[in-house]
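Naming follows writing order (A, B, C, D, E, F, G, H, I, J, K and L), and every chain is counted from residue 1.
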Amino acid sequence: MKILVLHGPNLNLLGQREPEIYGSMTLADINQKLLNKAESLGVTVDIHQSNHEGELIDLIQQTDADGILINPGGYTHTSVAIRDAISGVGLPAVECHLSNIHAREPFRQHSYISPVCVGQVSGFGWRSYLLALEGLVHRVNE
Amino acid sequence: MKILVLHGPNLNLLGQREPEIYGSMTLADINQKLLNKAESLGVTVDIHQSNHEGELIDLIQQTDADGILINPGGYTHTSVAIRDAISGVGLPAVECHLSNIHAREPFRQHSYISPVCVGQVSGFGWRSYLLALEGLVHRVNE
Amino acid sequence: MKILVLHGPNLNLLGQREPEIYGSMTLADINQKLLNKAESLGVTVDIHQSNHEGELIDLIQQTDADGILINPGGYTHTSVAIRDAISGVGLPAVECHLSNIHAREPFRQHSYISPVCVGQVSGFGWRSYLLALEGLVHRVNE
Amino acid sequence: MKILVLHGPNLNLLGQREPEIYGSMTLADINQKLLNKAESLGVTVDIHQSNHEGELIDLIQQTDADGILINPGGYTHTSVAIRDAISGVGLPAVECHLSNIHAREPFRQHSYISPVCVGQVSGFGWRSYLLALEGLVHRVNE
Amino acid sequence: MKILVLHGPNLNLLGQREPEIYGSMTLADINQKLLNKAESLGVTVDIHQSNHEGELIDLIQQTDADGILINPGGYTHTSVAIRDAISGVGLPAVECHLSNIHAREPFRQHSYISPVCVGQVSGFGWRSYLLALEGLVHRVNE
Amino acid sequence: MKILVLHGPNLNLLGQREPEIYGSMTLADINQKLLNKAESLGVTVDIHQSNHEGELIDLIQQTDADGILINPGGYTHTSVAIRDAISGVGLPAVECHLSNIHAREPFRQHSYISPVCVGQVSGFGWRSYLLALEGLVHRVNE
Amino acid sequence: MKILVLHGPNLNLLGQREPEIYGSMTLADINQKLLNKAESLGVTVDIHQSNHEGELIDLIQQTDADGILINPGGYTHTSVAIRDAISGVGLPAVECHLSNIHAREPFRQHSYISPVCVGQVSGFGWRSYLLALEGLVHRVNE
Amino acid sequence: MKILVLHGPNLNLLGQREPEIYGSMTLADINQKLLNKAESLGVTVDIHQSNHEGELIDLIQQTDADGILINPGGYTHTSVAIRDAISGVGLPAVECHLSNIHAREPFRQHSYISPVCVGQVSGFGWRSYLLALEGLVHRVNE
Amino acid sequence: MKILVLHGPNLNLLGQREPEIYGSMTLADINQKLLNKAESLGVTVDIHQSNHEGELIDLIQQTDADGILINPGGYTHTSVAIRDAISGVGLPAVECHLSNIHAREPFRQHSYISPVCVGQVSGFGWRSYLLALEGLVHRVNE
Amino acid sequence: MKILVLHGPNLNLLGQREPEIYGSMTLADINQKLLNKAESLGVTVDIHQSNHEGELIDLIQQTDADGILINPGGYTHTSVAIRDAISGVGLPAVECHLSNIHAREPFRQHSYISPVCVGQVSGFGWRSYLLALEGLVHRVNE
Amino acid sequence: MKILVLHGPNLNLLGQREPEIYGSMTLADINQKLLNKAESLGVTVDIHQSNHEGELIDLIQQTDADGILINPGGYTHTSVAIRDAISGVGLPAVECHLSNIHAREPFRQHSYISPVCVGQVSGFGWRSYLLALEGLVHRVNE
Amino acid sequence: MKILVLHGPNLNLLGQREPEIYGSMTLADINQKLLNKAESLGVTVDIHQSNHEGELIDLIQQTDADGILINPGGYTHTSVAIRDAISGVGLPAVECHLSNIHAREPFRQHSYISPVCVGQVSGFGWRSYLLALEGLVHRVNE
């Protein structure tokens, strides 16, 4: 089983700037943890980050994975096109967020992506990715 | 470490009625899985179900646990009082849902509980509980 | 055939206070009329009143009736949990109201209960119950 | 006692088209049941159907009946003029609907007619008419 | 100069029913006063009443008058088609109302007709017609 | 009979600036026409203009007139205090506007003043004042 | 194959008034073009215009056509009853408009008719009819 | 004179948890102050706290007091049933809050309880209760 | 300690007009009661009334008091400028109202002033002032 | 005459995935039909597809075509920038959609693109493109 | 060239109270900087501050300046009358704010004044005035 | 000091198309003026234009500038991702617009970018850039 992991806009900034705020964990660190977790679950992961809405759509369309794990970042709240890409390819998808978006500004509480996902995990920092990966693998297995 | 697990209204119906729709997994089955997961994480769980908003509040107030895992069921969308109880006791809490509430009717997409929780897991069926428990234990450890 | 009849909050006040406003008909009187009507229809009724949302949910879950006749009172407009209980048990339900709620304050014109009921009767005073019972018995027979 | 019965737009289609969906009961059949019910209640009914908003208003204005039973069909949600006609003539009126309009699209959940009626019955198919007639007769008698 | 005067739905009820509420002034009385006023202003009036939206549109389209005085009644708040008819024929129009619609229910405070009229008079009972006629004649003269 | 005539903010600019847009009729001209009209109606008028919300309130409170004719200008849409003054003194009031405010920007279509007035005249330029005065005198006489 | 073509309110004004604005093309001209187009497509058309909502409903109910081409004019935005008629008869329907209604006032951007149509064409003047007819014929053929 | 004092959900937490935030004043302390104040006013108070909406309703219905002083806590914003209980028993009621709810989140600024109360006091901490009691006693005396 | 007491627009009408409605208590009477209450509390009060928004702002800016007691009247719902004045001078303020504004029209239920006040008292008639004064003095003492 | 044809995000998926749902018609097939139609109309077409909002804007800015035919896909509902590009280059544009977007989810019923287009065609599957091309060519010719 | 500079309500408090928050720069200091800047631009400035909405309107009406620089303070969000004054005199106007109002509470993000101004500068503290003055002078020169 | 200057979508069209509308000033001209202004202020500017949301985010993330001057064009109203990029890098930013966006269509009056900027300048044409640059340099210096 292969899982496409997509990091949306600005997630490449993690750990590089303002570590006193966002922690010293970089995106590379998170990716390593995802690789480890994937290995323990017996699956492979194909990981990408992009600030470009169109590139995220291209990656979704061109994948040969069995499921999609996506943190859409700021596109969560504005992108019908990414939503359509996910529902277009017909793969099970899980949305995850570092912070608990439901406890933030009102405009961050609406997600265009959620209705085409099987599940959502938010608020556990980098662990959101690992929990989401585990949940997604079970959903694909079903 | 002890975790209070709360099942809100109607979750006691799981597996007992219409198994062809909701599956044959009962609440007792889920509770057993939670106990197993808790054991593997080295924590204890104190599990309750109630259809009464006031009883859920009493349980939150009287607990000696270190964190709260709650599936508020229908009270998710209507209870300011449960929200106030959670923020009142000051314990880290995680909200979980069997289904992906963000993909359902509009009135189910707003949660009064989310803003006082550290995280949320939804959409993975009974596995939502296990993922949420794991995430919560890590948050308490921090 | 057995019908569960539920009177929601404050309906126990009927006829006891301010008879010049609400009439001298008590809830006991209405219940007697329901029993008579049930007998004439060849069905039995199991009647309860409660001011507690959770207790109404318990009664819905535990019934062995073939249908539910409910006047949810003030919970009509605020209870997702009662709604979920009705749809959870899968019994045909009819909602009734003494007054015509559609002619009252805006917040009384929205019902969380209606979408999970087969029908609604409102505005005929105590006769709303009898008409609703008759309609419900026909729906169960179908 | 005489009751004016008004069937609004499209109700003349009942039973004539798509009987597998709407059933084989025609408007004529419903009218016959209304006549029988009226006879058993000791009242007479004057029955009309029209697709024209203005014609429904004319009928309301010109009636010599003691009460009005109306299924306003699609005009339920858009006609201030029919509402004004009912309140203008000052007769007790009851609104009825074949389906439970409160469980349908949002625009069908608002009725301009309800606030000028004494009661409403919805969701019991053709029996909605009979229950509504019975309730109306009692209201007129009071 | 000729003015088309249109009375919308239910205005034919004036003075005939419930005179203790609406006064004993009938529509015929108002029309006589309009004729007198028109004579004093040196213009002729062509007066019609209809409960039918389509008929009001027909009258607007077929008139050879120089201006339109309209009390659209309940169609004030719901008829885009009458609005389009008025702007379609390109004649100056004035809207009038017996009551002050701006002091009534919210749905009566929005008028589809106002934006295509040169002026509006409301709240002066039958005198609203006379004031509106006088204002309209001046506007046509300009 | 005495009528208090109040011109709200910016109406003193009439005719003095941009006559090609607003016409060459000044507020003094309008006042003269009001005096003539009042004389023909056998009443007296007491006329004031102010850009100050508080001053308009003072004038309303201190008047010994039998009715109030007010063009509240920009305060139409924002002043609860002027509304309260009018209802506080309990005099019949009529609101008038030079332009048809119902055909302008949405924020100009809501009036805080209308619900405490007996009538409204808008859209007839300076003639709005004369028609409103005539209507008001009749209302006071009743 | 036969297609029912319905022109809603005010479309009979086309070309007769204000040709400098609406062009000199009359409804008769458009109808002739529709007849020519129909002939070239090998179908027949049955064409009607009415300003009456009820008459449009009657025509929809009584047709023996295989599809409906409708420009509902001002009823587009206000008629639930026409919508119900179209879905009631179960024929494929196409909505068309001379102007691009999506670029006009907000209240013209919502259509009650669209959700029961298979397609919509707007903004091409009289050619909207021909394009809509061609599209409808293909849909009926499928 | 007897006054029923009701403390809603979570108010039993006062002073017991997080004294650095909520102060060291417990609910028992507040109750003692209420008893003293009552004594000085020559009235008796009957004090209850409950986290259960239904229990609060029961207490309102069963009281033999002359007035009700209620801090509805989180039910302020969600309970139509408590509102109906207060208006049902017909006793004068006063609503009070420790914090100034009008300066908090938007959902806390709407109260279902206010419209059935004679007054409201908020923002004075435990003194809100004493001021509210004093005000209520005067209202009952009138 | 000195308290600035501000009466907003129209409060000078109290007791002078329509005593059968508003009672015979004048603003002078209320002021005398405030002076007595202040004396009993050992504080002085500086009392002003104005119908002018700007004058109320001037008074707030120029005061040398230790706290502000304000009944903003109609400006409650429309004045950002008074709000900014209160937060600008940084004095503790209490808002009071004769009637229970939360039980009145929707536009009276929103206050621009509340969020910059420490407390609010409403619904106790002239006693609202005395209760508010007492509460404010305690808040200043803290 | 040359027409720029733009396919927005996800339209490249057509016919390649889930042919049982979307049909076996690929985007290449549609493009071939467009080329044939263009040839029959005596015009040339320049066809592009992109998932990138910015690339679509670049294409609009750099074209030397005489008109634009665009299916903006998911960007229909979210892109002010594409709207600005179309109005910036000042070419006549037509918007088309495979499905009838007016019968879908509410967020798909609003288009940022429509107000800068001359027309819109939706709901005819791949034929929407051909009808839109024909309509656009006529508009350019005018 | 002469520019009218208007400081709205509460701006006279600058630098006098709470200098640790608002800085020690007084309105007099800002005015001196404006005079210096004006001199360097070769224009004169006429500077006024008022807490009175009506006085600001008077100043706008009576000025002989060539442009208006206004910081409307709290009236930004509530004054239609000041807006009308600016558009009434027909002078180019620029709105400025010390803070970035677009990053503050929602009610501060709407300005009634903006739509009648040529430009807006916000967020640069006292420098907002200087930048706005410079921009305005250029606009007047054009 | 170095300032990153970003021109969003469609700004490259300036001066090249429709000079009679947008003027003959090209983006290159504006850039030259920015370079001159920067030189006079003793800072350097790094200028980019892009129609791609993702590219603008890349540029923000990768800059080594001390502040950001951005005209986000159409992305002003739709891009949460650009907003997150600005707040992510933690540099002071100023938003500028050629036109006064607050006087345009409602959807252009909301900016996702403003809340993460220190200031905004709009409505002065190309001079908006120079004023914004000057203001930004001062803010960076502080």
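Brief remarks follow.
Methods note: a contact is a pair of C-beta atoms (placed from the backbone, for glycine too) under 8 Å apart; a residue touches a chain by one contact, two chains touch by 3 or more.
These numbers come from a predicted model, not from an experiment.
Any chain bridging chain C and chain I, meaning touching each of them, is among H; the list is complete.
Relative orientation of chain D with respect to chain K corresponds to a rotation of 180°, obtained by superposing CA atoms and rounded to a multiple of 5. For D-E, the equivalent interface within G-J, F-I or C-D is the one where over half of the contact pairs agree by residue number, namely F-I.
Centre-to-centre separation between chain E and chain I, using Cα means, comes to 47 Å.
For the pair chain A and chain L, the distance between mean C-alpha positions equals 31 Å.
Centre to centre, using the average C-alpha position, chain H and chain L are separated by 54 Å. Touching of two or more other chains is recorded for residues 52-55, 78 of chain I. Pairs of chains meeting the touch criterion: A-B, A-J, A-L, B-C, B-H, C-D, C-H, D-E, D-G, E-F, E-G, F-I, F-K, G-J, H-I, I-K, J-L, K-L.
By the touch criterion stated above, chain K contacts chain F in their complex at residues 52-55, 57-58, 61, 78-85, 88-90, 112.
Per the touch definition, chain I reaches chain H in the complex via residues 94, 100, 102-103, 109-111, 114-124, 127-128, 131, 134-135, 138-139.
Per the touch definition, chain L reaches chain J in the complex via residues 8-10, 12-13, 17-18, 50-55, 73-78, 107-108.
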